Amino acid sequence: MRGKYKQVLLLAVVVVVSASMLTSARPSGGSVSGKITYEGTPAKQKPIDMSKEPSCAKQYTTPPTTETVVTGPNNALENVVVYISAGAPDEAAPGKAAVFTQKGCRYLPHVLAFQVNQELNVMNDDQTSHNIHPLAKINREWNKSQPPGSPPIVDKYDKAEMIPVKCNIHPWMHGTFAVLKNSHYAISGEDGSFTLPNLPPGKYTVTAFHESYGDQSQEVTISGSESKTVSFTFKAKPY
Amino acid sequence: MSSTANTPMSLPPRSDLAKGSESGIWIALFAITMSFAAFTSALFIRQASTDWTHIAAPRILFASTAVLLLSSVLIEVSRRGFDGKPASQIKEESEGRMLLAATLVLGLAFVGGQYLAWRELAAQGLYLATNPNSSFFYLLTGVHALHVLGGIAALAYLLAVLAARGSVRRNLVNGVVVYWHFMAALWLYLLVVICVRL
Amino acid sequence: MGKLFGVILAIIALASAYPIVTHMYVQPVDISTHGHAIDEQLADTMAEAGLSFVLAQLLLAFCVWKFSNRKEGAKVYHLRGGARLMVAAAFILVGTEVLALGVLGQKAWAEVYFTAPKPDALQVQAQAGQFAFYFRYPGQDGKFGPLHPDKIDEGNQNYFGLDPANDLESRDDIVTAEMAIPVNREIHLLMHAKDVGHSFYVRELRIQQDFVPGLDLSLHFTATQTGHFEILCTQLCGLGHYNMKAYLNVLSQEDFDKWLKQKASEQ
Amino acid sequence: MEEALKSQDHAHAPAEGFLRKYVFSLDHKVIGKQYYALALAAVFIGMVLSWLMRFHLVWPNAKIPGLELIAKTGAPGGIITPEYYLSLLTMHGTLMVFFVLTNAPFAGFGNYFLPIQIGAEDMAFPRFNMMSFWTTFVAFVVLVTAFFIPDGPPISGWTAYAPLSAIGKDAGPGLGWGQNLWVISIAIFCIGQLLGSLNFIATTLDLRAKGMTLMRMPISTWAWFITSSIGLLAFAVLLPACLLLLLDRMAGTSFFIPSGLVVSDRLQNHAGGSPLLWQHLFWFFGHPEVYIAILPAVGIVSHVLTNSLRKPLLSAKVIIYSMMSIGFLSWMVWGHHMFVSGMNPFSSLLFSFPTLTITIPATIITLIWLGSLYGANIQITTASFFALGFISMFVSGGVSGFFLAQPSIDIYLHATYFVVGHFHMVMGVAAIFAIFSGTYFWFPKMTGRMMNETLGMLHFWITFVGTYCIFMPFHYLGLVGNVRRYASFVDDFMPALMPVHKFITIAALTTGAAQFIFFFNLIHSRFRGKQATANPWRGTSLEWSIPSPPPWNNFGGDHPVVYHDAHQYGVKGSTGDFVMQTSPEQILNE
């Protein structure tokens, strides 16, 4: 008798657990998507002369260009961080580490978004020493070198901030850490598009941040599981 | 090879150890001179740069200069008062003692005057880092005031020893007097450096 | 033991001189018009100093060999002439050397520092910053646009802080990471430091000059051979000092013009 | 009555209790030993740092196990970062120049032997003396603390050129609190040296024994006296310079920082300062500092040699006058460190001449030594071998000075390994040879026990040959144009020179390891060494007229009376081939 109860109880637990897993996996609530564009003439992206660092220069047949303003067809603007700056509760950091790689004397990715207290791993895939200097203002600033073959630099930030990152040894290497309070963020792709899924109903402020053009915000109200479209346009100047 | 004389030269015997304090002061004055030479040559080089704004020295400086010079006169009178006595020990009842105390008070007044000068500059919005001239003003007057405070401490020590033991070593008094005069002379030099733009 | 000292010291002295005498380690080929004077001066000094070095060490070795642990009660004696001889020797030997090297040897220095650059010298601006050199050519108008430190934006390759939006002269300025110069033409190098002290050192050019922040110095030289050379920073400037370098390409006038045109198109 | 007077006129009573006897002692002998011990600690750290540097230069990506425990960010995973290499370099230079080369030959031996050699019972100001050591000790602690702060030690070199050293943490790792600690440490060190120098001068002028005229003082005493006069003025310049640097760093003033500097993408809020001003102030101190390191060495070596040769030097007087002229000229040559630093090119020529001229007195001293060897009866001891080795090093380091004194050659050789070879030979190794010589010579007096000569000789031979193997190739590297202060060699011409660097590194590790023989000898002999007599080397100067080790008041309450100078060797005296300074016997003309 008692064994049977046990079995039923076990079954019930399994059902409940798998049901809850299913629901969490299914997209719940609404989403915000859209496209980031620019108007005007953006600054010309120039080829980077890496001759000072031959081990990097020889990895490229044509020199890579700067990435301060990366554009796609139809005035699409890449590398824009879109995130919920108000309306969503702060979230605990995910267990997975955000990875920032230095390869060919460039930062991959150029813009790295991750959450407050999320582990950050900085890797050096090059045969030369790099120096990573995130110019944090609100968070604790650090400035460390990473010789080839040394372990990843592991760190985390405890406050939200857009942090420019530079390599002191290779002045052309610049990138951005976007430290955000919640998991609702996206980085615009080649076509300028982005999607913020899984937004429960509520009133939100959506902010788009670009390293050269600063940020813009819009208010969005989501009810039920609707999908809203929000678009941002940045003004570009040639100089 | 020359031979060396066989008779010991007549040198003062070892008991003159106490002479040290006076020569010590003289030696220290060389070091202080050198330090202030370094400070003021830095000032001269700095004055040559384009962003030099010359600030007017606060009036109070002239009053405190007079105070310091007066104190220098007093301490000299005090020393001469001791001069007539052959003893290497200066006794408590010497009349010079009051003059030493007066010097100490005037010294404190001088430092107080410097403090007022800093207050005056601060009231004009001129702080240590405001501009090169204000930096040097605070620096020179500050370091000099520290040295004067050192002299005041020495005077206080002299007076305390006089009061406690009834007597004090003569050369200690001489050393302090030399130091005090030097502080007055140094101040005159600094005043010129501060007021005049080369 | 004294004999051993003599032998070992003699070996050390001769072994030290060996790489010098056989020219195992010498400065690289000289590609400048003034460098020969420096090289000559260096060679003269090497001859005089090297000789004094070997002689003094051998003398020391000999004396220790000969005069150590002599028999008990061996009579000690003095060098004839004594101190006076030594003082005279020092004054005559070193004094002449000082005068010779000091007076006659300032040719190279004078050539670099006491002559003005020719008016038709090619002006190139070099900026040193942590931890790279960047160079600027004035472009079509022959004028350098003014520098605005607040406009510096390395991510966008605005290393100099130019403001082409407002300064017309800046629009055609050519900024490069390598320095190219035409051969046999005088270069007037304008030196600017962006942050801390650096130095401009090209071994083959026999040129070394510090960049001093706040003090824009200039230098002039002429390269006489084409080639690819390294420009090194020799003033400790921070963590990337060891890796602060750039290349100097000495090109024919033709190649230089082509290069400059190419770079202008990349701006 | 006599006895009462004696004890009364001593500056202090015999020490009682552990603290008073060994820690806060007023006794110049204890203080001298304390300085020496501090220098030993500093030289040990400095040597380990140099090993790490040499190791990193030739095996840049090799892991050094355990290093990450000391330097978590400086050496992640045991691999030295470029900035940590510069930290090592800065700390090596600072420790060696200030805490070894200034402390051991000058403050250490000087404190112990200057009062004894002039027949005094102590320094003129024993309390200042104690303060000067403890101030120096605090400076040492403050400096070493920089290793243990998160930011790490400073990376601006021992010369701390502004604005790199003045801007703050924007300029790089270690330039925040690491650099602050450095500046504070050096400022404190200056205070200690000023107190010490003042004491040396006053003591020499006031406390000489009856009959001890200035010219009867041993050459070592003269060297300390001249050095303290230089130190008094030199440190009086460095102290204000440090104060100005500290104000720039902490109070926002702009003494050394010009306007418009962009560091780490940040426009610095400073205006109108002059970076060259720091260089002038620093080298105005810095060049005399070289002589602060080397003159006591010259004095110690002359003192040891006079004894070992068993005859007087050709002329002690000429050596003394030469040292004085070196001291005097040392104030006019600081600009030779700045030939290519943007100073007016005319002043470069002006600085070049006194620099070349200073070789004349240096040559005179060398020639006097060499000439004195002629006809001598050199006693072979570890002390005399190190003294002879010193002469060799002094010559080697001296001749390379000829190159660097000429601005036109300096254009090519400035900031190359040639310079590194030059100053390590003439100021580093030479001074250290003198310290060794002095140690083997005076150890019996200081401890009452002899050092082991066999170990001493072994130590000498490895050190002597090893030193040449390390520093001679530096000159060759410099001639090719190998730049110094590089954390690793990425230049295209460097692979060809790497074998030389490997050779140097192996020589450095070996020579360094040989120093453990010395450490062992020092400790072993201190406790197990043969008992020393009062005058084991048959010396003439006053330190040999008293027991080994000397009693607390040196002369046991007696006032020594001096009849001769310290160079009465090779004469017929009642005790052998020498006559002590305190011996009243008549010496006949030859």
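The chains carry the letters A, B, C and D, assigned in the order they are written, with residues numbered from 1 in each.
Heads up, the rule we're going with is that a residue touches a chain if its C-beta (ideal position, glycine included) is under 8 Å from a C-beta of that chain, and two chains touch if they have at least 3 such contacts.
Treat the numbers as computed from the prediction; the structure is a model and nothing was measured.
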item: Between the pairs B-D and A-C, the one where more C-beta pairs touch; value: B-D
item: Chain centre separation (chain B, chain D; CA means) in Å; value: 33
item: Distance between chain centroids, defined by C-alpha means - chain A, chain C (Å); value: 47
item: Approximate Å spacing (C-alpha centroids) for the pair chain A, chain D; value: 56
item: Multi-partner residues of chain A (at least 2 other chains); value: 128-129, 131, 145, 164, 166, 168-169
item: Residues of chain B whose C-beta touches two or more other chains; value: 1
item: Multi-partner residues of chain C (at least 2 other chains); value: 78, 129-130, 154, 238-240, 243, 245
item: Chain-to-chain touches, reported pairwise for every pair that qualifies; value: A-C, A-D, B-D, C-D
item: Chain D-facing residues of chain A, complex; value: 128-129, 131, 133, 135, 141, 143-151, 153, 164, 166, 168-169
item: Residue ranges of chain B in contact with chain D within the complex; value: 1-11, 13-17, 19-20, 23-24, 27-28, 30-39, 42, 45-46, 49-52, 128-129, 132, 135, 139, 143
item: Chain D-touching residues of chain C, taken from the complex the two chains share; value: 1-2, 5, 8-9, 12, 16, 19-20, 24-28, 37-38, 41-42, 45-46, 48-50, 52-53, 56-57, 59-60, 63-64, 67-70, 74, 76-79, 82-83, 85-87, 89-91, 93-95, 97-98, 101-102, 105-109, 112-114, 129-130, 147, 149-150, 152, 154, 161, 194-197, 199, 201, 203, 206-215, 217, 230, 232-243, 245
item: Footprint of chain B on chain D - complex, ascending; value: 5, 9, 11, 120-121, 124-125, 128, 194, 197-198, 201-203, 205-213, 216, 232-233, 235-237, 239-241, 243-244, 247, 251-255, 259, 271-274, 277, 280-281, 284, 312, 559, 561-565, 568, 571, 584, 586-590
item: For the chain A and chain C complex, residues of the former touching the latter; value: 43-44, 46-53, 66-68, 128-129, 131, 145, 164, 166, 168-172, 174, 211-212, 237-239
